[in-house]
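Same chain, two partners: subunit A is paired with subunit B first, then with subunit C.
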Partner chain A sequence: MLGNGKRDAASAGSRAVQVAFLVGLLLLWYVATNYWGVSHLLLPEPVQVFWQFVDIIKTGEYIDDLKVTLGELATAFAVSCTTGVTLGYLISRSQYLIRVFEPLFAGIYAIPIILFLPLYVLMFGLGPMSKVALGTTISFFPIVLSTIAGFGYVERTYIVSARSMGASEYQLFRYVLLPAALPVILTGMRMGFTVALLSIIGSETIASLAGLGHRIVHLAEGMDMARMFAYIAFVVAIAAILNTVVSSLEAGGRRR
Partner chain B sequence: MTGEVAIRVRDVSHHFGEEDDARHVRALLDTSIDVARGELLCLIGPSGCGKSTLLNVVGGLLEPTTGTVEVAGKPVRGPMPADIAYVFQENALFPWNTVFENVMLGMLFQGVPKAERDDRARRSLEAVGLAEFSDHYPAQLSGGMRQRAALARALSLETGILLMDEPFGALDEQTRMILGEDLSVLLSRTDKAIVFVTHSLGEAVFLADRVAVFSARPGTIKQVISVDEPHPRNPEFVTSAKFTALRNQLYSLLHDEIRKAMSESAMRGGAGHRGSVAGDSA
Partner chain C sequence: MRRWPAIKRYMLRHPGVARLGVVIVLFVIWEIAARWFIDPLFMSPPSSVLVSLPQMFEISGVPGALRITFWELAVAFAMSVAIGLAVGLAVGLQPFSRRSFMPIVLLLYGTPQVTILPLFILFFGIGPASKIAFGVSHGIFPIIVTIVAGVQNLKPILLTSAKSMGANRWQAFRYVIFPHMIPSFFTGMRLGMTGVLLGVLLAELYVSTAGIGYFTTLFTQNFEPDNLLGLIATLAAMAIILNELVRRAENHFARWRD
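Moving on, here comes the complex of A and B:
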């Protein structure tokens, strides 16, 4: 809002340094593999990786794996958002329930839920279901916790003054509770999305039949290093795009 | 300034907590008072004397343990948005809405027909001098301007009664003074019945037609003092002998009560000042 020009200039400056850093890293990679004799089995040559990347995009080979991974992610995120927001809202309606469940969920959130993966594989098999279950479990906690925080700690005067002006239950929810809670809930959803993405791709590399994580491990086991690196780059790009989209959705929601 | 009775309070007592609970507090005891249309009544007293409790009972935000409150001839059994508007100490504007939207929302809650809202919002914002700040968010305004906006929202509801709970309590002395003067001008144009809770002796004398002085816990009205001076009151009133005399009278009445309240809470086991502050917010 204030001093936009100055801040834009400052962010353009730091953006330039970030780009220079990445270019330097690529350059170092090129020199190390072409002139310093680093084994191409450990670190493939960047130009080769680039052509593999182009090939992956051109042939559309990635599409099946991408569909699997995004399908798992979308299902897990949809389930955790629905259950997390609903449960969080219900819990936030009672001080007693908040006292019981908030510390409980916060405690569970702190343990490494990835440990449940072997259990989920036993229960749901190697297919997408076990990834969906893990992604749901992991992203449920930040979402439910932020929903409780968002709805449970609304400034009391807002509620009292709305009631004194005659707000109905619906109006109180629509015009007071929801706008007060939304920024907090959206932050929880963004965190939930990030951990769901991480855990789903991560678990695909551990035990799976398909998906981007599965493909990367498959290529590594076949010693196809250049193509594996190209896939890693592809996943990084997908993750960056998804996180940017989610962050801008969050920022858009906050403004309202 | 005598007209028909707008607020009738009869033998109202209010207790917090159960009778045998250690935290049981008799906040208000057998209090009776009438407020006429067009009259501004200030409630003043030591912390924890029940003045905010009385205000909330009148507003229907608290149910009295015993006694009755009538507003516009109807018994109060909950918020009465058609008859009563509130101005709180702070944080009553919704930060996610602009000043204009805040005013509009109050009327939406109250049930004002859509066609009227826009016009009434503009008029009330003009009345408090905030017309140019309609599209600002509360965070972009000073504390004094936020309270003006809260007042505009209350005025737009066009209720017969306005309850103000230390509306200028969080503001600095100068801002308070200016807002007090502006409020006095605004009041001279309406025939609202207003109940105004304050800690400030000067504010009470400057604004009120009558000042009700509360005694310490259990709180009740100890004495009512009339300030016979027409609204709008100009700043010179503050320097007049009449103002000083009334202020001194209030001071001596209050001084005893505050001493009593302090020594009482000190005897109640060292909770001392903190106890009385907590009691006041209740």
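Moving on, here comes the complex of A and C:
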């Protein structure tokens, strides 16, 4: 076993390696663009990217695109949560229905759902509707599958003992089923949220009129590389913030 | 009427039959909706998709496009497995490098790579190279993560006893680490295949000169839902077959433990 001091030293060492790695990467980027003559059309200069980033935040021009993307995400996630949890709960009430529907959903989940995008674009147009449809479809499956798993595989003993102690249907749901199922459902919701965010930004990249993904493509086509890198950093930051918020909500929900 | 209980009992004993029934009902609803209620420019019934499937394959370029996409998937998958295995072993076998580089791998795994899709096109062009590169960028991380997890779970006592019996590094790898890694290696391959499919198809749909992305755009713009649905169904079948192959392999090679 490592002593405490030794372990601290080891973790400080790996921290140092991580920091050195990231700093080295930035330094390499700086040197490559400034001294080795890598074309700025392929790789913009890091300092310039930083100032573009500051400019984007200061002028607030991201707000419209951010609103579009977040609106699509919120709609898609709300629809898939409602339908996924409701359907999952109804199916989980019977072992037979679980055996009928669970393999069906799992089977469809194995198809890369991004394939539906051209179809949705054809049916719903280039606007936000096609993104909402894709985000909903893609996040529906993890949510419904985890709801089925959460409600469907509650330990029989708990249900039987609650019933024998005279629990009503509501009490059974509130004090036995829900606490047992909630952590699993929350995990499914987090997975659904992550893939919905990914697919919405992805579909904005592929075919859209507005949104953060659309903005990045627009700048790429205009060869405005520094600003495009700044926007990429912005989107990655937004995604990181959203995922952190959702993960901590999940952790909070699990603890209760 | 007396036959009903028998049928009910049969259905109860065979959920698979009921599942098939659900699928058939869904297709019938689709057929009815598309035939009588939805504008045929936007949606077509499954029967006419099926009928026009052979015609779609005769459109010049479609078989070639499917072949290119399949080839992109295969190359991207092979590269993801090779690179993922090498990086996973390099990161996972040493506790220090695992602690140092694993957070970086997880950080990269967690960032939405779709945002840099336009960059892949700029760096690698609009041909197959950019699709392969983007597929690799999606497939490599789950493989690294599962390989590291698999190596990490190795009980130290196994390595210690192998060493005490005089095994050299290669023997320790071949007879202790490698068999232990196999199940998680195949799990990683399955997750990697999902990632590769996503990455390659995303890049194909984004921009494509000869692959399937070109034809999905063409069919969408010409309002040919028959061909579009046929192409999507073909690709979905391709994806299901690839996933199933990797899943079979996983089940086969994960068995030795039980």
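To be clear about the criterion, the second predicted complex is superposed on the first by the 236 of 256 C-alpha atoms of A that agree within 3 Å, B and C clash if a C-alpha of one lies under 4 Å from a C-alpha of the other, contacts with A are read in each partner's own complex, and residues count from 1 in each chain.
To be clear about the criterion, a residue touches a chain if its C-beta (ideal position, glycine included) is under 8 Å from a C-beta of that chain, and two chains touch if they have at least 3 such contacts.
Remember, it's a predicted structure, so these values are computed and weren't measured experimentally.
Within the superposed three-chain model, A:66 lies out of touch with both subunit B and subunit C [touch as defined at top]. Between subunit B and subunit C, more residues of subunit A are touched by C. Of the two partner chains placed by superposition, only subunit B is touched by A:162; subunit C is not. By the document's definition of touching, of the two partners only subunit B reaches A:175; subunit C does not. When the shared chain is aligned, no partner comes close enough to touch A:242: not subunit B, not subunit C. Of the residues of subunit A, not a single one touches subunit B in one of the two structures and subunit C in the other.
Residues 155, 157-158, 160-168, 171, 175-176, 179-180, 256 of subunit A are the ones touching subunit B in the complex. Those residues of subunit C whose C-beta lies close enough to touch subunit A in the complex are 12, 15, 18-19, 22-23, 42-43, 96, 99-101, 103-104, 110-112, 114-119, 121-123, 194, 197-198, 201-202, 205-206, 216-217, 219-220, 223, 225, 228-229, 232, 235-236, 239-240, 243. On the side of subunit B, the complex with subunit A involves touching residues 59-61, 79, 81-82, 84-86, 88, 90-92, 94, 96-97, 105-106, 108-111, 157.
Put simply, subunit A touches subunit C in their complex at residues 10-11, 13-14, 17-18, 21-22, 42, 96, 99-101, 103-104, 110-112, 114-119, 121-123, 197-198, 201-202, 205-206, 213, 216-217, 220, 228, 232, 235-236, 239-240, 243.
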